[in-house]
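The following pair of complexes shares a single chain, subunit A, combined with subunit B in the former and subunit C in the latter.
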Partner chain A sequence: MEHRRIETPKIGVFICHCGINIGGVIKVPEVVQYAKKLPNVVYAEENLYTCSSEGLSKIKEGIQEHHLDRVIVASCTPRTHESLFRATCTEVGLNKYLFEMANIRDQCSWVHMKDPEAATEKAKDLVRMAVAKASLLHPQEETEIDVIPSALVVGGGIAGITTALCLANQGFSVYIVEKEAKMGGMLRYLHKLYPTMRNASEVLNQLVNEAKASKNIEILTSSVVKEVKGFIGNFEVAIQKGDEKTVNFEVGTIIVATGATDFEPVGMYGYKKFDNVITQLQLEQLLKKGRLQNLKRVVMIQCVGSRQEGRSYCSRICCMTALKNSKLIRESYPDANIHIFYRDLQTYGQEYEKYYREVQEKGVKFIKYLPEKPPEVSLGENGKLNVNVYHSLINKQIEISADLVVLSTPLIQHEDAKELSQKLKVPLGPSGFFLEAHVKLRPVDFATDGVFVCGSAHWPADVGESISQAYGAASRASIPMSLKRLHTEALNALVDEEICSGCGLCELTCPFAAIRIEETKKGRKAKVIAASCKGCGACGAGCPQMAISMQHFTDEQLLAQIAALAEVKS
Partner chain B sequence: MKFNPKILGFLCNWCSYAGADLAGISRIQYPPNLRIIRVMCTGRIDPVLPLEALANGADGVIIMGCHPGDCHYMTGNYEAERKIKMLKKLIAPLGLAERLHVEWVSASEGARFAEVVENFTNQIKVLGPSPLRQEKLDLSKWEGIQAAKEAVEDFRLRALVARERKIIEEGNVYGEEISQEEFDRKMDDALTAEYIRNRIYLILEKEPTSIKQLSKRLNLSSKHVLDHVVLLRRRGLVTVDKIEDMTPIYSVLKR
Partner chain C sequence: MKESGSVLVIGGGVAGIQAALDLADRGFRVYLVEETPSIGGRMAQLDKTFPTLDCSICILAPKMIECYRHPNITLLTYSEVEKVRGSAGNFTVEITRKPRFVDEAKCTGCGTCSQKCPIIVPNEFDMLLGDRKAIYMPLPQAVPRVTTIDKDSCLYFTRSVCKICQKLCQAEAVDFDQKPEKINLNVSAIIVATGFSLLNPSVINEYGYGRYKNVITSLELERLANASGPTGGHVTRPSDGKIPDKVAFIQCVGSRGLGRGVSYCSSACCMYATKEAILIKEHKPKSEVFIFYLDLRASGKGFQEFINRAKENWGVLYIRGRPGEIIEDPTTKDLIIFCEHTVRGEVRRLEVDMVVLCPAFIPRESNNKLSEKLRVKLDEYGFFKAEDASLVPVDSNIPGIFTCGCCQGPKDIPESVAQASGAAARAVEVITLTARREG
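After this line comes the complex of A and B, so read on.
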């Protein structure tokens, strides 16, 4: 155990407004003034965005001008931003283990928005606790590990296949695990793709064939992820292939490309009650098989089951899908009368906006309905469907008869996604989709190192977007695999041989066989195997002699944080 | 004055700390009383740490980690669970057991995280301020928590709790299988004994005292206290300071 005496630390505290995310709730200037008075703090300032290039320069200047030897940023969460700030410290020669964060956004301003006073007090406490820990931080040296140059791609749809091909073409070996018997995911059910109007099967078959032909790709269909152990660079994966026995292999990175499924609008707008009420996905099938005949009047209803309580998000792809399918119907049946009932049309981007104009010019009619006065579908006397709707632009209730009512339903997360999220230890967001590490800065990364996401698993995405994300995820995953070696965090257990009695309980406790008793000149002593130690700390917490300390999370540091909390007057 | 509880949380980096972040990303509002200390794994939580937090006047201490089976380090949360179970028993006589709580919250359970914090905060509000708060310190409870801390720093309890899984799954060194119930009974006895011995030691450390006085202060029979003092003497921790009126007065030898 290291008991290096530190000279009086010089701590700098940088407190972030995060625009209004923190500054709109917490009184940042007050926290800055407070921080300045804390022991060992020699410098404190506020930044509009500490993570911006300007903010990072401020940290570097602070270190150089005020000779800071400890840096604290009070902002968001270390899970997304610690690596960035640590890298900034390293740039100007400060060991990255001398950096500490106080989470005053995700765990403070965002969750106490209605109580600025309490949030400000809490922010002060969190800063004080961070200062207490920072004073006791030690510089650490990291060890290197090898990265296995292969990847696991979960999901064999357009995103999964694309990302797998990207990696395989760079020379990495890739396993694609697809739970269905066939590759292709959602694209297998689609007809033509907007805006190019190419056949989905054409696009898909080409990619599937490429993947099958690639010597670097191994495809496992009817397979699911059973278990994942390990860390970036060295994941141990167990795959359950049907009823056969499990397949085990090791990979360096994992990409989640499990896609999404469509929402079935049971009980809405006469779905499953009237034969002629179908979903857009069912319409795709009918169009693909050419089963639609004699279409005269079609009504499409948008936002069915989305943008409402319980499923508040916009599924993004449904507006363009409705436009595309109307266009296809008009091309086959130029006389067909098509109405699209919408709430807001999302046809973002140059191509899609142009597409929308074209469909308008083809004579498709658009009626804006209000969520509080949704359309009603009933069966008329002639066997036709009647759709009643309040036309919000002409302020009038109207009735339109229809041969076919098509419901645009959102993409939703698969039921088994939760299980996968737990196995991979990555989160799902409030809408059930996989949640990236940071919406802007790390859009295809998870906070867990070495695990990435692309396609509709992350959020409803169309084919173009899924492919872009798949490229992104492949590119991100290729970084550690190209580097071949990675630094592991210096979070190992350290044994104080003077105190160790060689009882061996640590050996018993360690789940990684990373500590064992060896004969030394001083007798039986515990030895840590640095490469195997993951730094969980279970050995230390269980050591009868309290002879084991954890790097960067020492008892001293944790006790200082606890003691700092006690100083609060309330 | 309105009671504003001071609650300390030890959260594991992989599940619960991420769940807490997710509550933020989802803008789920919850009471502002919790202060979080991030650890890599709940398995790292030395039993001394929650006690130290209580001794420092925290009104509540909550430990949150991955759900059983989900631990990033495989078994850390089981280690934590056993230690917290032991701690709750240890501090139950001080009326502090309800101030210590353990919950499993995953990285995807932002809403549940907020709910857990809200429920625990409400529970603490009902319990009222901790008797260990500096401004209204209950001295006997303070002595009690010090004794509890000493007990969990001592190798006897630490070794017992560290061996629990092994003993139950594989039997003791003599190959005898021991059931969970039997182990719990032994653990309870050990906890009570170590706690009392440490209280005796701490009292004697302050001033040399007789068995009779000790038994009065600890509200235990003289026979009971004597047994413990004899054992402490055998461990070389306590000695006879002097004899007054035929009564031995005991004092401590430094540990």
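After this line comes the complex of A and C, so read on.
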């Protein structure tokens, strides 16, 4: 590695009050005075909000007036603000890798709120460490990559088809990979769709036909993702089609739309033990095929296998599904007596609450049960089912006999979701669903660049919500594909070929397949694929020769920070 | 990269911001029209967000600033859409920039003027709990970071005296002669993202909002809990500034009602009440917090777990039932809640220091006028109606005009954001189709 040390760096430090978030605890002026005395610091000031337009102008003025060649902002977290400050530096011609941040809010004023003295001292420590690192920073060049304007959509349910059509209509070419022999996902098994009560098959057929007709969409059924190599802009995908054939192609982006499956409540409420205990999904089939006869008494039980130990989440769609199916039953069998045993009804928003009221008006009865006293299903002497429940609103144990007991079970993740998540290098959350980059503000992005998520792969969602997200994922994926060229962060591993022995340990260690051994004139040497490398440091930590250092986080820089921490405060 | 085609986004809340950023990153010219002096919408007013307890403005501010700095976005704050003509691919729009009496190009946002302005009025951004001056910035993180003169309270406009701000402004930005400015735009598509309002809970007379000082709304609580809010982040009782020991939240205030208020569920309040309960506990762990609810609506990602944490780790107490009445103790200003505890079937009487009402999400008042201008339909409640909420959830009845976020009905932030990106994608589809037809 080349060591370009600039003789005397000129560092500027901007210390933020963050309103009172920092300023209310830490003595900011004292930290400013302290910073001014640190080596290589030629300028320091405080700002009420460094991230405001005014604060940013101050940084730019500072760089220009004091000829700063290093900038430090001591404020909040780089996660939300680093890109903004870096861009500000770039605007006045300072390479963005000459910017450094010290997080004196999350790490000082917030956690040591009760001890302003110590928080102030710690802020000084962090600033001193940042200064030590900044003195050793180098400008970096970013790698440019081309983006292939085509996308892979994994999963051919309503979400996958919608996102594919939206991208195809914008002129991108799209591959849909569906593991079943038929397109359509869960909607293939449903009867009517709440709240519109349109036939699921009609809705689905229209979209499937549109997708089949689109010249920009290629559909691969009975297919699964076998392997994914590469990175945003250039993913090399291998698809296993059927038993033998492998199909290979390259795409710029990937959208996960693999949906979810329904939980089978084996051993619960007599399911699989008594004939007439079924799930909502089975009921949909019976309704669709018109197989139900002579229904007199129906009981539906909500939250079967959800909102309990082991599976704590609420599956969002099963309350409305129960309402829909009870409405349909009442329409076909006007004197059928229907009870819904629920815990909390999830009829959120304008439409669903109205729907709930309509179902109530149709005479469906609702009984709130307590999770600690769940209903019990048994077989009576007359061959009918008996459901025993503690009615929490009248404080009584009651018994209701039923011809049919329908269990509302949650959507759960597919068993092979884990495998797919590993192939795509994207995470699953604690409930098993795919985990997005940021729960609030990046709901359809993954942290891995170029990979997106929509529909019930992300979380149980109804059709409208799945479609909204599918469009959302299309928008996000279209951005890099329309730009055609991208810059990647210059945070790569750097191999010192003089020291590298070509042992290949790094290749085994890298979770992103971003480093591999190649034959060079000097023998076998490790080479980094800049666009895939995330700068995670795993290879560097494992290298027995210490031949790998991390760009922008060099050993030299980190050791300088540690040394600065250990320094006796003056 | 630059694409030909442009889009008008109406409303600069988190939904409008996301739609604008997606389109601008994609290379299209975006005009983002916001009627108030700053973009940010409701999310800018919130303290933290459920279920991750992220500081709301901290995660929103970078996006607000990105809108300001983005070369493809023209920010038109303090502006209104006047007229809209044309059809998908070719709309002409007339916009009025209201005079803010401060030159946006010159103002540095230094705040000297506000400091010295003698007129103090309640700040709408702080739900009138805090003050601002006649020349003001609604929030410290305002974007654009410039001041605005409120004509109705400014001494110069009301009594032809003062002009202190103009004298003090070194940037010479104050301009009392500024006139409304008309701008004409040609855009291919329009995205409506005008958000929601909250019902004034005084219509639910028996809860005493407006009569009892210590009955506040959830949005007022967000401002009290916020470090840059009127109390510097201390949740205190309006009557005496005391930090309350016992707080009760009442859910579905004006929501899910038959008769008064609205009949629908406002979707986000079960969760944000839980969040606010945790915030109160964080500020004062020994306080007791109760939530009166009908059904707990917690079906989003990680929501049920969040409620479980509120119960188990923070000791928030959930009581099923809709309180019938609240009575104020005239001397202590404490509040007595009468409620039938439906699960236990007994009438309860609970004395607390403060009551927080979670009012119904309602449509913005301006929706009627805006929908006429756009010829876009509203639903029976006054929200912007999706042409088919389950199949094309962001399309309106007019091709080329899309809607997203809470202007369609109650939603939380991630739903608004995902939908906003969705509306952006639909707008691009329209632009692509028009281009194909013409080219």
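As a working rule, the second predicted complex is superposed on the first by the 363 of 570 C-alpha atoms of A that agree within 3 Å, B and C clash if a C-alpha of one lies under 4 Å from a C-alpha of the other, contacts with A are read in each partner's own complex, and residues count from 1 in each chain.
Note that in this section a contact is a pair of C-beta atoms (placed from the backbone, for glycine too) under 8 Å apart; a residue touches a chain by one contact, two chains touch by 3 or more.
Keep in mind that this is a model prediction, so the values were computed, not measured.
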Dominant toucher of subunit A (residue count), subunit B or subunit C: C
First (subunit B), second (subunit C), both or neither touched by A:Glu54: second
Touched partner set for A:Val224, first subunit B, second subunit C, both or neither: neither
Partner chain(s) touched by A:Gly429 [first = subunit B, second = subunit C, both, neither]: both
First (subunit B), second (subunit C), both or neither touched by A:Ala238: neither
First, second, both or neither for A:Lys484, with subunit B first and subunit C second: second
Contacts of A:Ile145 with subunit B and subunit C, given as first, second, both or neither: neither
Set of subunit A residues, in rising order, touched by both subunit B and subunit C: 429-430
Touching residues (chain side subunit C, partner subunit A) in the complex: 1, 3, 14, 18, 22, 25-27, 49, 51-52, 54-55, 58-63, 65-66, 68-69, 108-110, 140-141, 143-145, 227-228, 232-233, 256, 263-265, 267, 295-305, 308, 342-345, 379, 381, 383, 388-394, 409-411, 413-415, 417-426, 428-429, 432-433
For the subunit A and subunit B complex, residues of the former touching the latter: 77-79, 103, 105-108, 110-115, 118-119, 121-122, 125-126, 129, 229, 418, 421-422, 425-430, 435, 447-448, 491, 501, 503, 505, 508-509, 511-512, 534-538, 540-546, 550, 553, 555, 558-559, 561-563, 565-566, 568, 570
Sites on subunit B touched by subunit A in the complex: 4, 6, 8, 13-15, 17-30, 32, 35-41, 43-49, 52-53, 56-58, 66-67, 70, 72-76, 79, 83, 106-108, 110-111, 114, 134, 153, 155-156, 158-159, 161-163, 166
Interface residues, subunit A side, partner subunit C - complex: 19-21, 24, 48-49, 51-54, 56-57, 76, 80-81, 83-84, 87, 166, 169-171, 193, 195-196, 203, 307, 312-316, 344-354, 357, 368, 370, 392-395, 429-431, 433, 438-444, 454, 458-460, 462-465, 467-476, 478-479, 482-484
